[in-house]
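Labels for the chains are A, B, C and D, by order of writing; each one numbers its residues from 1.
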């Protein structure tokens, strides 16, 4: 038996390590650095109906123990995704989760509808939490009613694993999680980035062309752990933890707080093989601690 | 421009053979690494993890400056400007450095159509020109170096260049050596004196305004001009989409410098921003 | 003329540097390290009607570029504050702002009422944003109506400078800021800490006895800058920026984003004389940049 | 306990005279600093900024181990356990270290009522005992040292102690030297053999369970017992309220170790948590 296997909805992941959307391209970028098929699953860059060039530059800035980004959902669009990116993703021996977004409620349905006919997709992660677009994005994800509506719409058209990706930029994330759970989601993933901003005091210009952007990296890990813990108390769906994971200890911290799986984001930029290192270290951890299944770690925080 | 297939990139570690100041605030580091020494191409870069902790958080990119396949080393040349390069300057010989590379595409040379190349380096933009001059000579293309700096003290790696070519033009902004003014004007003057341009081309690296001006000059004389760009880089491997430059092509408004570059035809890029 | 002077309501601060409540004790803790009177103003630890021992230990944890705390408003209570702490505070030649909290709406009024008779108090900072207490705190500060109510109540009983301290743990902080502004506040200060959490993966125990706590330090600076900028677009009151300030550049960043003054918090723990260093560096900055009044920096970000 | 007025604390910098491993994973650092060397009292500590960046974020507290007023230095003795002490261990002699101190209260000695003191150090808890023994001797109080470690190899600074007293009892958990078992039992055995207790007292520093047990032993024999505590410290100067220990006094349920301590009467503290 595989000690690292975990279950999200109808999916079995061979280990709890997924890649966070927007930080792992369409997978092939990382092929030189490790065997991408070793991942528990791969979540690709958010796909929208139309190709998007993304926001103006500069789009990224370094911050204490983290970074800001305002990529603005730059992506090849659904057609090119299906024709150019899916063949590689399909060739991988890992769970393939496609992250999707729309700028209207109906667009979400449209995108997923298009993908339903495409082979080799195991699930969808629904981005209702992007802080870097004017319409949709975080505006949808901070409203429980819209969250429920999008979730319910998608549930009617797909039996594939449905993961709603939540924003931390709300007063009570568990309200949104509950809305997603009640509307039929299989899982929620959290957190997307925190709204943040930085100014270059020499030039007096914002470090991002869009002024504000999304904060990621270790700086946000304590916020992410708190949100995962909050949601774990509120709903019984499996939770996918995201935010600032750099190593296996961080993964264990998320799992102890209640996450069933995790996503590694910004860390991929620093060490392109970090996911492989983490998977190996999780194996060693289970050996060392004589843990039969990593599932035993989920929610195992002692009070 | 013609697409080039970059060499396979990996995460490497290499021993630092030396790391010394070669001009005020400019250091040269030699790293022992057979694979990079043998396989990297002019214009490619490496992305260094300058600290084990989160300061700085990102890696830092540096052009490959020179390589020596038989002695299994390569060099980088860098200016100390912020926290990352400060930490890099503290690295001692014997220490091990972690880097990703070789990254990016590279300068393209076609001996069938080019007999002479103008290698234009502004400031630290000289970094890729040593490995490039070497590469051109191996392909029977004659390199003429144009090297612009603010002041004489900033000149680096002149012996390396002199070992490769005797055609070296220097311009300094303060007139302390060579022509007074911008190196682009030396290039312009040089080109003006030529009688034919069809076997010439230009390679350039330096500040954007220099590259912009050089692109205009190149266009004037109808000389192909490849420029190597620098931007902030979050990942260096094409994943973060943070390293864009505006293009003149509305169909593809941005290019990503780490993966599609760092080398582009000057005409592709919109330097106006 | 003093180049560093700024104005908040009816108060003139000799420079924009205030100390953040809960990080500067009652001032005397820092007397060995610099002349505390050099501060633009001193904001003391939150005072409540009754003395409070605070939460169980551990109450603090180190995080990437920051820390978590769950002190829980430990304080000497209003009587001891007036008799034991005010004499020292009164002796200082700086603006003295007392931070207050209550566990019911009326308690805020009661605390301020008691302090109205006390000499040497220049203003109140009202803590409606503490994440570490069960009643009141962030529950009040995330509700615009309660925020308005507390503000209006206090406005009727005091003409002293009234600053409402806001929490970032809300969907839209500008809604809360507007409620405070409309109800008569002289200023808003932001941000209080972000809700965060950490687990020791060796022991599987939360690093704080209260499980969650408040995240502070440089890690949260990008979030704080974004919130200050958001509020500066929404209201016309002077804003006091807080969050992760370690040096004069950070102060300038907050001011460029729209803050009139700032508070230095966690940095005092690392370098007990950091406020003095910052004030000196701001002086040098104004000299170097030939700035006649630091007020020119406020909101001076170039787009 | 009787309140003591700590010496004025400041932010200091001092040159490292040496920093060397004195036992596996344990280092001793000597810092040149006249004021600390002259004015610090046994039990006080300094709070070191072990890095210029944010890793680690907080300072790190260490007891003053020994001082030499005439030679203007003081020492700390520390175990390398995490990121902060790892960085500290890398500091070379000649480098400058930034610290706040002297901090905290100190062990109190009253020659009028005490003739002999038992100095009980568990592991790194030996750190404050060298400066304390020295201090007691100057006040005509005879120090008897009880030093407990896991194994012989961990013993540190024995020559320093031996220069101050010939009464040194050692216990090791693995029996590699001295008594086998916990040092508290050696103290118990010692006290059991005494015929009178009124001119004795105990000073202790070490893990909480040791201090707890020692407090019980002290109570049994009605011997005063001062203990020096360790907790996480966010600031070291009484501002963050992060360094609390539970007391047995419901009127004042917590004491703050950095400011009200680190030295307390054993009976004040509730070690049950």
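Keep this in mind: contacts are C-beta pairs under 8 Å (C-beta built on N, C-alpha and C of every residue); 3 or more make two chains touch, one makes a residue touch a chain.
Source: prediction; values computed, not measured.
J.: Would you identify the chain whose Cα-based centre sits farthest away from the centre of chain C?
T.: Max centre-to-centre separation from chain C belongs to B.
J.: How far is the middle of chain A from the middle of chain D, if each middle is the mean of its Cα atoms, in Å?
T.: Whole-Å distance between the two chain centres: 48.
J.: How many angstrom lie between the centres of chain A and chain B, each centre taken as the mean Cα position?
T.: Here the centre of chain B sits 36 Å away from the centre of chain A.
J.: State, to the nearest whole Å, the distance from the C-alpha centre of chain B to the C-alpha centre of chain D.
T.: Distance between chain centres, rounded to whole Å: 57 Å.
J.: Two-or-more-chain contact residues of chain D, please, as numbers and ranges.
T.: Correct list: 54-55.
J.: Listing for chain A: what residues touch at least two other chains?
T.: Correct list: 63-66, 217-218.
J.: Line, ring, star, complete or other: which describes how these chains touch one another?
T.: ring
J.: Give every touching pair of chains, nothing left out.
T.: A-B, A-C, B-D, C-D
J.: Which bits of chain D are touching chain C when the two form their complex?
T.: 8-11, 49, 54-59, 100, 231-232, 234-235, 237-242, 244-246, 252-254, 259, 273
J.: Applying the document's contact rule, which stretches of chain B touch chain D when the two form their complex?
T.: 53-55
J.: Can you name the residues of chain C that touch chain D in the complex?
T.: Result: residues 22-25, 29-30, 32-33, 53-54, 57-67, 69, 71, 74, 217-218, 268-273 of chain C touch chain D.
J.: Which residues of chain A touch chain C once you look at their complex with the stated criterion?
T.: 63-66, 68, 142, 169-171, 194-199, 201, 203-206, 211-212, 215, 217-223, 225-226, 229, 244, 249, 252-253, 256-257, 300-303
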